[in-house]
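Heads up, the next two complexes both have chain A, just with different partners, chain B and then chain C.
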Partner chain A sequence: MAVLPPDMDAAGFSRLIEEFRGAIGADWVWTGEEDLGPYRDSFSPVWDTAEERRASAAVAPADVAQVQAIVRIAARHKVPLFPISTGKNFGYGGPSPNVTGSVVLDLKRLNRVLEVDDRRHFALVEPGVSYFDLYRHISERGLKVMIDCPDPGWGSPIGNALERGIGYTMPFYRDHFGASCGMEVVLPNGELMRTGMGALPGSATWQEYRYGFGPDPAGLFAQGNFGIVTKMGFRLLPMPDHYRTGLITVPRRRDFVKLVEHVNYLSDSGLCGEAVYGSPLQALMARPDFAALATRKGGPSDAEMDAAASAAGLPSWQVDLQFFGPEAATRAHWEHARDRILSDIPGAQAIEGDHFPLPATEEQLRNTTQPYRTGIRRYGALGVPSLGIWRIVRDDGHVGFFPILPRSGEAVFAMQRVLGDALREFPLPPYFNATTAPLYWHSFAFQMVFAPSVKRSDPEHNAMVHRAMKKAVAVAAEHGWGDYRAAPIYQDEVAATYSFNGHALRRFHEQLKDAIDPDGIIAPGRGGIWPRRFRK
Partner chain B sequence: MKRLRLAALAGAGALAAIAATANLAQGPVPAASRDAAAIAAPEARPLRYRADHPGRLPFERKCAPCHAAGPGDDGAPMLPGTMALATKYGGDRPAALELRSDLGAEVLLYFVRSGSGAMPSFRKAELSDAEVEAIAGYLAATAKGNAAGQ
Partner chain C sequence: MISRRTLLQWSAALPVLVPAAAPARAKGWPAGLDAVLIDRRFGEVQMGAALAPRVHGFDGDVTDIWFRTIDPLWRRPGFVIGGITGPDALFVLERLAWDRGRRVVDRRELPGRGSDGRSATGWVIAPVHPSVRA
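Presenting the complex of A and B:
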């Protein structure tokens, strides 16, 4: 037994564990170091340091009634629980809790796909269901809906949505929390609540009308600690007839401003799926002279970047566009996008990609049919779960900082410069440089990526990464850019940057937390929200 | 000609863009070299036989998405776990787990519960000891069948 829950001695812990065993069976309660190893954050930059957050035990209930029983036991003993779904939140803490000594409430055994409706286009699932599971359920039954999944398919639709994760299809579905509709929640006192139409007995619209009547508290359960979500509905894209891609390049650095405005129009009009931006000039980063220019303090001038692009015969920017729908509509949308952009940006060029009916063949899924090398990852683009993306994981994993920025070329240039300069002191790859493109994952905002790797055998490297993460969060906030998601070890720092009017938002959350969970039974500290008991 | 040239240029940026836009992304500089390295180690022995064994289903659901034989996503020659083992063993042992005859339950349990490098560990709630033992049986039977077929 490595650690104990807060304010609890060994005898009390033994009594707690006995009660858990009585409630759900001894086979599903773990306290040994070996069994708890997989509940550590294997991507942690603070592995084996005092900052690492470790569980005292883990419990895996089989159903909602057992979840309620565990919550009531934990409440009696004043022991914090940390709920996880499939436990794959890598880069953001994995399955590890905010508070050392918490009991991880592992919901993997709640693994039923309760309903998929391909006429009204929704699913209702439990938290232990993975994207692989949901995809298999749909495929085996030949249902005509497409899911939207994040890169690694072993994650949970519920867990990912509650972390405000994203996918890669049409804008409405990429925001996984935004595309949710209706949830069932075990509250800190063990009571069961349903949101929206789920609160109306006999309603058949729980997954169709999100709000019901009165305030909708669903948002409190995303990146929050007000309850344990045991069921959740998701809207699904009707399986489109056809998929089409095309690539557009623009010659000059400043052309990016107009390019972004056009793509914003296309996306917000529902005409295209995820737009994947890139800079062909990244190919020049292996050249020391160009790398020095692209990472120069204060940033290069447009003229210098344009001269480098011209000398190399490369366009400055590109965007991979994707279209879903009837074949004729995908063609019309591509032609509209092409004509709209090429008529407004001198020197812009367009290349038609491939197109095919859905669902895709295996060859099409493997992305070998494009006439050009593309930035699109085809599995994700078509909502097919995969673990192929794990090929980019290096060393012992990584941490992630993904600041939100406006969808404008000027904002992209500013973030390249500001965060590039701020992180120069750290011996890391230049994540922010004059060729860094924004990510268009969330439906209505850009992000950029800072995701340095961690090395378990190199604590000095990890400490440097840890410092760099904290500095990135702080400097970004000074410029109005905030992180969207963070590991427990960074959640206080990130939450502190959302400080309008003397941290009014945090104080409101604390008031709510004090009202329904003053002892911190559900994930104290998650989202930077601490109940009275834990506030210093 | 012009079209082909433009296509090639677009591809030059795409390699880096793949890594830079990934949900778990790394920085842009090492991305291109990583992809180049990834293409250097093809699997020598194809997988021709899969055993009809109770361990096949848990293998296919829990291990195969990263460790199966065959190509990976978006032009990658192998799946990530298979590639990692190809790099680790340099051809001394098969990279695909289904061709390995030396993975007993004890060895599998060690890696499943401890993880290794980029591979995280797996919890009993998602993969039981009994399932891992069944997977070991499936791998042994599959490796044997493939060896016999050669």
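Presenting the complex of A and C:
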């Protein structure tokens, strides 16, 4: 199925491609069906339907000058570009563009680790650098810093940060965009700009003070379409001396409220890393009577859940805690957490987990020595990229809706009930039920997960998933819960839910887009931001 | 698990499909592969010894073998690799191969299932981009 850019005929497309070839070499310009296969969204629920977004071509420039050349050619021809770093944004659209016919600007050849400083604790990288590349660079040189990577870790620090992706270590570093510091951007007119101290010629603090002077536009380039990031700095965690774990359980359903408040205190005080919540009662979901209780419309009562927990001899909730730092400090922080929680919640129990100096051994990374069943994925927790999570992916992947909710037990109970009820009509696993625990990936907010699988051989199933995703977005928004990240096919729906004061935010974004990119050269539609040319 | 017979039948079909692997064929390896990757969920690593100069085993998670062995080789021209894995491992390897100018040039489902119930897939990944063709 040949695809052309918007408002362009075949002859114009041929001229465009010839210009691209002249600028970067014919070997790095692709238009064939097979060559463009890697730029489709492998996880798409609308695969091979009219809704799927397909590229007309892909180009892979070698350096920033070639990126600028591509942008200028695209601007002359009014052809939208869709920049990707490593294209591994699976579950959120992968490498596929917002607009069918866009040219994917594949930045994989800009793959240099430009600097890692383990005394001032930062890195400066190009977009084609993956977490594996950065990890390899650091470990081969014995540098004393730890990266914070997503799981799987095959994406790029720049691509992931620009998607506002997350990791699993200490709170500041888990927010990958928040931990960024300074960027270089090719603007829609092909001009090169640096943010923060990078705008000051001769400055040596580009990766140490992100703001510089005056307004900081860096945030516009995350989930936005105002430029192409070609360099980006990141703050790095100094390699901690020691890593320690511990498990806290609480007996009753309502104890979760206090447990969350204690962990909020520990996390916001910088005393612990990612806290991994779970409910041991999930083990009972295989029992039809318990599953019926946990998924009952309107939700079960606390007393009913407590009775089920008591009968099974299980606690209602648990939290895996992780501590980084000098060994004595990790012990002190664990003991403080244990004493604080156990003295406040009757029946709470604590189990000391394993602990060891860093960097971890292979056995420690495999997490086989924990004296209890743990929810921690150790590779990610210790900033070691892994691909092992793909073993749990079923069917042909999944789509993801991860609504943001307050860090409170009450909010968790509310989301369990509201989204559980809203999604009952769909024949999917009960993602939201009375045992569903929140994810504590973001630094200061919870998320919950809705990630139904897609089946390329079953269009009816995919259509059902597509409907469920849209309903989840809408119902969540009615309760003040918004998605943090979405595939192109859902970005308009999600952006529309951020509608305060007559969509003032969207109108502001559109004004900016119209001012600097009226023809929509850079990723029109990304983040729900459309330039005038494409607005209906 | 797949049988040795299935493995040999799979490999027998490969030489015509993998013209880029001529150097390995010339050295007497009938399947024309520079290396073969066996996912232990589907078969014993030793079964691959007849197919290629190098045989690597892994347990469903390709991280270690890809990071330490395959990716450094994929950064240089040449190197044709075949494998018997689950579709999950192949999904990962195929996308990583694209990043290095390589493609799955042959893919077929094989009789037999792994210890986790997944089907076995036989495949070959070869360099296709001019920057990595031998």
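One rule holds in what follows: the second predicted complex is superposed on the first by the 535 of 536 C-alpha atoms of A that agree within 3 Å, B and C clash if a C-alpha of one lies under 4 Å from a C-alpha of the other, contacts with A are read in each partner's own complex, and residues count from 1 in each chain.
The working rule: a residue touches a chain if its C-beta (ideal position, glycine included) is under 8 Å from a C-beta of that chain, and two chains touch if they have at least 3 such contacts.
Remember, it's a predicted structure, so these values are computed and weren't measured experimentally.
Novice: Is this a clash or a fit when chain B and chain C both end up on chain A?
Specialist: They clash: once the shared chain is superposed, the two partners overlap in space.
Novice: Now for A:Arg407: first (chain B), second (chain C), both, or neither, which partner does it touch?
Specialist: Once the two structures are laid over each other on A, A:Arg407 reaches no partner at all.
Novice: State whether A:Pro280 touches chain B only (first), chain C only (second), both chains, or neither.
Specialist: The first partner, chain B, only.
Novice: Touch test for A:Arg254: chain B only (first), chain C only (second), both, or neither?
Specialist: neither
Novice: For A:Arg417, using the defined touch cut-off, is the partner it touches chain B, chain C, both, or neither? Pick first, second, both or neither.
Specialist: Touch status of A:Arg417: no partner.
Novice: With the two complexes superposed on chain A, say which partner A:Asp151 touches: chain B (first), chain C (second), both, or neither.
Specialist: In the superposition, A:Asp151 touches chain B alone.
Novice: Is A:Pro315 touching the first partner chain B, the second partner chain C, both, or neither of them?
Specialist: first
Novice: Should A:Arg373 be classified as contacting the first partner (chain B), the second (chain C), both, or neither?
Specialist: The answer is first: A:Arg373 touches chain B but not chain C.
Novice: If you count the residues of chain A that each partner touches, which comes out higher, chain B or chain C?
Specialist: Answer, by number of touched residues of chain A: B.
Novice: Kindly list the residues of chain A that each of chain B and chain C touches, one partner per complex.
Specialist: Touching chain B and chain C on chain A: residues 34, 38, 42, 86, 88, 108, 132, 152, 154, 385-388, 390-391, 393.
Novice: Along chain B, where are the residues that touch chain A in the complex?
Specialist: On the chain B side, the touching residues are 3, 6-32, 34, 38, 61, 65-66, 71-76, 79-81, 83, 113-115, 117-118, 120-126.
Novice: Under the definition above, what is the set of chain A residues touching chain B in their complex?
Specialist: Those in contact with chain B are residues 28, 30, 34-35, 37-40, 42-43, 58, 60, 86-88, 90-91, 94-95, 106, 108-109, 132, 150-154, 166, 247, 249, 276-283, 285-286, 291, 313-315, 318, 320, 349, 351, 366-368, 371-375, 377-379, 385-398, 400, 428-431, 433, 435-437, 439, 441, 449, 451-453.
Novice: If we count contacts the way the header does, which residues on chain A are in touch with chain C in the complex?
Specialist: Residue list for chain A touching chain C: 27, 34, 38, 42, 86, 88, 108, 132, 136, 152, 154, 385-388, 390-391, 393.
Novice: Flag every residue of chain C that touches chain A in the complex, lowest number first.
Specialist: Within the complex, chain C contacts chain A at residues 60-63, 66-67, 71, 88-89, 91-92, 95-96, 98-99, 103, 129-131.
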